[in-house]
Amino acid sequence: MTPDLIYGAAGLAVFGIGLWGAIALQDRMRRLLGLKLCSVGAGFVLIVGAWREPPAAPDPMPHALVITGIVVMLSATAAALALIRRLHDLEDADDRP
Amino acid sequence: MSDALLLFDLLLALAVVAIAAAALLVRDAFAMIVLFVVFGLLSALAWVRLAAPDVALAEAAIGTGLTGALLLKTLHHLRARGMAGWQPGAVAQRPVPRAVAWLNAGLALAVMAGLGVAILGSPLRVTGLEIAVAEAMPLSGVENPVTAVLLNFRAYDTLMEVVVLLSAVIVVWQIERGAGPAPAPSLGPVWQGFARLTLPAAALVGVYVLWAGAEAPGGAFQGGAMLAAIGLMMLLTGLYRPHPDHRGLARLLFVLGTVAFAATALLVAGGGRASFEYPPSYAKTLILLIEALVTISIAVTLTALFHGREPVALKGDLRHDP
Amino acid sequence: MTGPDWLTLSIILPLFGAVAAFILPRAAAGLGLTTVAATTLCVLMMADQVAALGAVTVPLGGWGAPLGIELRADGLSVAMLALTGMVGLLVSVSAIDAFAGDRTARQRQYFWPLWLLLLSGLNGVYLGTDLFNLYVMIEIIALAAVGLTVLGGTREALRAGLDYVYASILGALLFLLGVGLIYLQLGRLDFAGVIAAPPSAAMTAALAVMFVGLALKTALFPLHVWLPAAHANAAAPASALLSGLVVKGALYIVLRLAGYMPALTEDILTLIGLMGAGAVIWGGIQALRAERLKLLVAWSTVAQIGLIFVALARAGERGLSDSWKAAALLILAHGIAKAAMFLAAGRIKDEIGHDRIRDLDRSPIRPTLAQVTFALAAISLIGLPPSLGFIGKWQLMEGAMMAGYWHWVAITMIGTLFSVAYFSRVLAGFLRFDRVRGGPLAEHHGWSGADAAPLILASAAVLLGLAAGPIIAFIDLGAGGAMP
Amino acid sequence: MTAIISMVLIGAGTLFFLAGTIGLLRFPDLHCQLHALTKADGLGLTLIGLGAALLAGSAGDVARIALICAFAALSGATCGHLIARHARRGNSEARDV
């Protein structure tokens, strides 16, 4: 048992939970949250790939990739949330007599 | 000692997974967001444990902090408009049959288990690119390897990442055009005092994180996120109110980082050098310059993403955009 | 590398154009058209280089793979870039007309920056050789494409756009997970490293995850559910871009990876082929049932994409290195013809005022040129000679027959029959005049300068079949070497 | 000697956190939960900070720890206030925040 194994498994599990949320849930914000969990899960996999047994320094390349991934995911989240808000307004206006 | 650490790892990993599941399963939407923020912070902690402080900083500031703020803002918007007792699930188009739900869960489980088995069955722990990075570090112009990868070795990726942010703000403005102003939350005097007290400190921290990125964990994205937090606080306290006349300036600030980055990439080319190939003697100057401009763009863009709609004057909208 | 760096320019030029169009909304149309034209010029210069040298590689930052990122142009990339440039230019021309009025002022304002960002992302995908970079690029494409989908701002478009966002992000994240797993195995992400990797269960798993992600993005059956609504509810130029160009981005990555993956076995190829066959049949059935013209066209996209995957799978393991040529031809043919068809459908809808298929023959207005355009595009999509679509299908069937895979030949024939059936529903409406009520046909036949661009595109889709030989020779450039 | 004192301080701080968490889980309503959480956690963090400051190598580190404690106390208090305010308004006025 080493940390990379533990967190690698956790990352895959988080990705799986997110995947389930994104495909199985109905609520719009929750599906988006599922996708965000997937991105964190993928981040875990990359960071585990960078980890080395302590005296050795970690591989910086995956770290940079994950930072990029975080920013990309925030951008996608912002766009999706804007859609959710706008759609809610339109549907709300429709529901009113 | 290592046993204690191992126990810590196990507990933390377990907590991360459990809270991820809880966030999706909890009924109340507000609780969902709170659990998500806890999840994000614990993930960041795990990443510190895995010797990735830069990433942990980015995840805490951007992936959790700002994402959480965006989620809360959206929830507030949904609850304030119409459906007073809005709960997630209320918009469910059609109920999912139990069998389908279990099928989905089984599918996700099978996929992940399959991946896990396939990965375990193969040799792990190959050498990555750390040797190549270490060899090229003296030529990169900075001392923090992550910054070197982001701003020099893979500068093209990072430029495109800034472009992704720019695309996001364009898309958000496009989607929310014609939307009414969001109802502003009233946060009260204590909050105002808090904001006034912490704003200068936050500005200092943001600039420091940007500057430190050359040698220590930090950089343009983390620094930009800290500065964006100032923007959020100014929006929430009403210290700054977006005005239609500010749109031109806002657009300029959004694109500043992209333009500076891309222009530099093209201008350094020629004379046997490829695009993005900074001359080693100027590399540090160029990188810091690009980072500074990109940080400004990131901060403004993230603030705008939080604010949402483009500040245009709508009919009957004068109350909110005076 | 000799001469200017056309590769980087063709990615960064649209970026500057997008920025300029965003800052100066009033001049957006002019800036946009100029940028697309200039970018297409870059691609032509690049084509010249590639024709002379075989393949051009640019090590960005001077580091070289795997530390840095390399751009690489060979015959196939340039063919895709040329497709993007040609379709993009003509769609741009027709977009100027489509978004001309005051009513669409804000749509016009945002169309140009989004479309130019999309162009930058697409060009980046076609030139990219690094898996993570491809992930970033497909996210740019996804965001811009979502913006284009919801340009009209209607409730249906927004709903379709949201489904599209979810599918798109999930597809990209599955791709990212695959990228992470590959890094875990290989410690590098450039194509050369991935190709040289020894086959293993982990590599197969990683590639499978990436394939599922990309299949979600190209809407391969049964992951296609988001596509019809998204493509049918967008504004006409946006639909043309989405259906003609956007789905090709992820398709191209599949093609690139599939051509060189040692991990692909006969079973996986058969599975891909079966998914494609499912798309051909299901897309055909849905297109037959569609009530609206744009929805029919969108479902036909699902079917055609399925056919492209059949083309990938048809020759089996042995003939894989050859079968991508048929797939590439079909991609080019579909890109041009489908863009023309969506533009024509938009014109028909504008002139007649609706796009209900069963009422098409009741309109006193006859947008003749748009109808001719639609028919020409249909010829290429059905695969009648001498169109480019015909050559693609011919290549497909020839290869499958030589390999003795009669089932893929049968699927292709079934797909062709379906496409004849569903396009006839529309074409029959164009040709019948007896159900027009309220007197004779209107004086104005409902055509204008706006029909020129789609007509040129549709004609190209048919006539390029005559130049199939040179095209096949060109996409083969630089493919035989040690590098992909 | 310093090590023992700092261990004791950190241990005490952890206990306060534990108490606060138990309060969060066991107290009946939101205001009681806030009462438990904000006070106990504030004190707990300060104690841990003190303990860590004793172990710190340089004056700079001590200053940083002091800053962390100050800002955490500030934001903790503000958060508690905002949550309480939100809850009270949510009950009386119709869902303001």
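Letters A, B, C and D mark the chains in the order given here, with residues in each chain numbered from 1 onward.
As a convention for this text, contacts are C-beta pairs under 8 Å (C-beta built on N, C-alpha and C of every residue); 3 or more make two chains touch, one makes a residue touch a chain.
Given the structure is predicted, the values throughout are model-derived calculations rather than measurements.
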item: Pair joined by the larger number of C-beta contacts - A-C, A-B; value: A-B
item: Computed distance of Cα centres, chain C from chain A, in Å; value: 28
item: Distance between the centres, which are taken as Cα means, of chain B and chain A, whole angstrom; value: 11
item: Euclidean distance of C-alpha centroids - chain B vs chain C, Å; value: 31
item: Multi-chain contact sites of chain D, meaning residues that touch two or more partners; value: none
item: Junction residues of chain B - those touching two or more other chains; value: 111, 115, 119, 124, 128-129, 133, 154, 157, 161, 164, 167-168, 171, 175
item: Overlap residues in chain A, where contacts from two or more other chains coincide; value: 15, 19, 23, 28, 39, 48-49, 59, 61-62, 65, 68, 72-73, 75-76, 79, 83-84, 86, 91
item: Interchain contacts, given as pairs of chains that touch; value: A-B, A-C, B-C, B-D
item: Chain D - residues contacting chain B, complex; value: 71, 74-75, 78, 81-82, 85, 94-97
item: Chain B residues within the chain A interface of the complex; value: 5-6, 9-10, 13-14, 16-17, 20-21, 23-24, 29, 32, 36, 39-40, 43, 46-47, 49-52, 54-55, 58-59, 62-63, 66-67, 70-71, 73-75, 77-78, 81-83, 88-89, 91-94, 96, 100-101, 104-105, 107-109, 111-112, 115-116, 119, 124-125, 128-130, 133, 145-146, 148-150, 154, 157-158, 161, 164-165, 167-169, 171-172, 175-176, 179-180, 182, 219, 221, 302, 305, 308
item: In the complex with chain C, residue positions of chain B that touch it; value: 111, 114-115, 118-119, 121-122, 124, 126-129, 132-133, 136, 152-157, 160-161, 163-164, 166-168, 170-171, 173-175, 177-178, 248, 251-252, 254-255, 258-259, 262, 265-266, 269, 273-278
item: Contact footprint of chain B on chain C as seen in their complex; value: 1, 5, 8-9, 12, 15-16, 19, 22-23, 58-63, 66-69, 106, 110, 113-114, 117, 120, 124, 130, 132-133, 136-137, 139-140, 143-144, 146-147, 150-151, 153, 158, 161, 177, 181, 183-188, 200-206, 209
item: Chain A - residues contacting chain C, complex; value: 15, 19, 22-23, 28, 31-32, 35, 38-39, 41-42, 45-46, 48-49, 59, 61-62, 65, 68-69, 72-73, 75-76, 79-80, 83-84, 86-87, 90-91, 94
